[in-house]
């Protein structure tokens, strides 16, 4: 027993020592606390691909101030608790001045105070919750807040003449937050919400939720869904012969959804923080992606993560490799910066704004919606 | 009104899936006296095996693919028993539970290791269901009901009419005594795992057809399968079937009235309620 | 250093959590799979109260009271069920309570969670830094350990063990088995609530996703790995498990493998659990004087 304990502690000691030794090279380290395992690992894996692509490009072009960028990934296991440990490890052990934050507003909000307290910059490339950057001046986001999207969805419904709709939504911080903003705006504009139906993401059977939502055959149904639940829901709705105009948010705007649900999602409409696919920046990005990943689909929020890396790189160039330097520089480099996802000027809440466009699925492709 | 019937149908369908999961679980529970927490992963791997053999480079045509994938699942199941559960045959239930938990972590992340966390599908075309008196039902769903019925009949006959079935029952009653009487317990146990694995594999494939493939797919429904198993009683296949269907129905009908946020609570609520009114289940410790 | 302090605080809180479960599972033989519910009740109560400006001392006491109360209420129906059924009934209640956290948005803000939970102030002394918080938590941990030790060494504790081993014999000796079980459950719930409250004030942000079945499984693992039914088992178990889980983070692989690293870490974790159960199921610390059952390979 004692011998085993000795062995165990030696092993742990060795493991703890390996990291600093391995990190002896001179690189510019940036931390990333992504979900690489657990329930939302599919997002973390996607972000990593986008981030890796951006880093590869920057390094190939000579790196930053002559040094290569290295991303230190820590798995947050898809839970807020492990997010905190991951972030703490990055701050305390790897001593990075900036961290790319986790997906999921509750995961991000759990670690924002930690980063803020330790005066480390943290950026989110996918957090849509309105209060995301409230924790302090070190917290940024390159993805627009849902306060705007909720209004966008409401405007879309009204403009298409749908005054009475049921709302279905994923029962988590994103879905609930967006639903609340939508309902508020919709009611103000004279619309009526006939039913509110929350559901859990990742379940295998939504048939009864669908039946309940489409009771009375509404002309349109708002469904604030993710890819996982959306793929199952739309498929099951199609099979049951439910006919209604589906109106979604940005989380469903993904080629993956079309791949999984096929013709079941033909014709669905949604809003999204718009960025044109015609810009030079976007086309360059697509070409680059294709070169590295071939025909793999761009993961959701991939473009935002890509932009996040580039804007971070610029901030480090300008402000130096310290968190205060980066923090100040972000405002400067953000002003008028045109990334793949559009203008990344930071406002006083350290978020970005956006126009909201409408997308739809036509002939198996996601395209902009034109009436 | 048609919504009610549709919900009932949906409930029965969901229940069939739970039932298939529960049947495998209860079989092992009956023969070996423990609840296999890694059963969800057996289900999941069953679904992924079919995906594996259908995709390039193996690309088997459907009937062969099905047979081969079920074979692989059975291999996995018997492997689980041979390497993890057999050494723990006489361990106490908590130990078995934790070993099964470890196995569950291992297998679930193993799937993610190979295939990534991305959702996948078999790629079959999505079709509209048949409309029958205002109720819609798809081919997949008909198949689910059909397969469930076939499975349970087959397993029931096996258990109660065959010699192997008899030896499985003997083993479940009393392992030592069965051995003493000369019953080849090893063979009986292995057979139980094969059947349980095939049931799991079939369940997994049907589930993947109905929804899609992801590493966590077994885990999500596992707890409901547990509930159905316990509701029916250990080793009781019919019980597992009815338990599953009851839970499926309760969930689907319940969601029509209460907030779907509590959908899972229905399964538990029903189960606890049923348990509380059944005298055989109340406090009488058996050693 | 900060990481180390963070881990120590987590370990201390988990020790309290594990000690409380150990009382139920290890000593009384109750497989409570819903234990995280009381952790959550303690966390939410204390968080909500302090967010409404109720002083920490009072919030904490009320959090403990709520955990106790719900422990009592849930024990009544559950303890009428035997063994496995008790397990799944408590699992069910645990999940139901989590769903309440998630759906009753008016109370708990649902999935949005409760941000900005204030740091505790005890007798006008504010525990704002990591060092201070660690000392606060350690104080509670030591207190919990001592209180439970007194309870477990008392006649009450011995009866619990007797009930676990042979309920009928205990009943014949005139012990009201149900009463003892309820008491054990309630005490366990109280300390789980304490752990929850301490945790809420540490992380300053809680959401329903923090209180899932996975948490109960984690603390169950700690109890079993450390050695259930022993005094120091949960302590050692928490230290080893958390250090081990986090040290897996430091397992570095060549860059091309990084996509696979995270699931690989989890796979190693699962594999080690299996090996541990096969080769050393009784955990790190063996229970003394355990009455041998035919089904216990561990004591051979």
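Should a chain be cited, it is by its letter among A, B and C, assigned in written order, with residues numbered from 1 in that chain.
The definition used in the following text is that contacts are C-beta pairs under 8 Å (C-beta built on N, C-alpha and C of every residue); 3 or more make two chains touch, one makes a residue touch a chain.
This is a predicted model, so every value here is computed, not measured.
**Q** Does excluding chain A break the complex into separate pieces, and if so which chains end up together?
**A** Ignoring chain A, the remaining chains still form one piece.
**Q** So which chain is the furthest away from chain B, centre to centre on CA atoms?
**A** Most distant chain from chain B: A.
**Q** In whole angstrom, how far does the Cα centroid of chain A sit from the Cα centroid of chain C?
**A** Roughly 33 Å, centre to centre.
**Q** Could you please state the distance in Å, as a whole number, between where the Cα atoms of chain A are centred and where those of chain B are centred?
**A** 35
**Q** Return the residues of chain C touching two or more other chains; collapse runs of consecutive numbers into ranges.
**A** Chain C, residues with two or more chain partners: 102-103, 259, 263, 266.
**Q** For chain A, jot down the residues that touch at least 2 other chains.
**A** 37, 41, 45, 171, 198
**Q** Identify all positions of chain B at which a residue touches two or more other chains, and write them in rising order.
**A** Residue numbers touching two or more other chains: 109, 112, 116, 259, 261, 264.
**Q** Can you check the complex and tell me which residues of chain B touch chain A?
**A** Checking each residue of chain B against chain A gives 3, 6-7, 10-11, 13-14, 17, 109, 112, 116-119, 121, 125-129, 131, 136, 138, 140-141, 207, 210-212, 214, 216-217, 220-221, 251-253, 255-256, 259-261, 263-264.
**Q** Which part of chain C faces chain A closely enough to touch in the complex?
**A** 1-4, 6-7, 10, 102-103, 105, 110-113, 115-116, 203-205, 207, 209-210, 212, 214, 240, 243-244, 246-247, 249-252, 258-259, 261-263, 265-266, 284
**Q** Residue numbers of chain C touching chain B in their complex, please.
**A** 25, 31, 77, 79-85, 88-89, 91-93, 95-96, 99, 102-103, 166-168, 178, 213, 217, 220-221, 224, 228, 259-260, 263-264, 266-267, 269-274, 276-278, 281, 293-298
**Q** Would you mind writing out the residues of chain A in touch with chain C in their complex?
**A** Against chain C, the touching part of chain A is residues 1, 8, 12, 15-16, 18-19, 22, 36-37, 41, 45, 48, 73-75, 77, 79-81, 84-86, 88-89, 91-93, 105-106, 109-110, 113, 118, 129, 131, 134-135, 171-173, 175-177, 198.
**Q** Okay, in this complex, where on chain B does chain C touch?
**A** For this pair, the touching residues of chain B are 35, 84, 87-88, 90-96, 98-99, 101-110, 112-113, 116, 223, 226-227, 230, 259, 261-262, 264-265, 267-269, 271-272, 275-276, 281-287.
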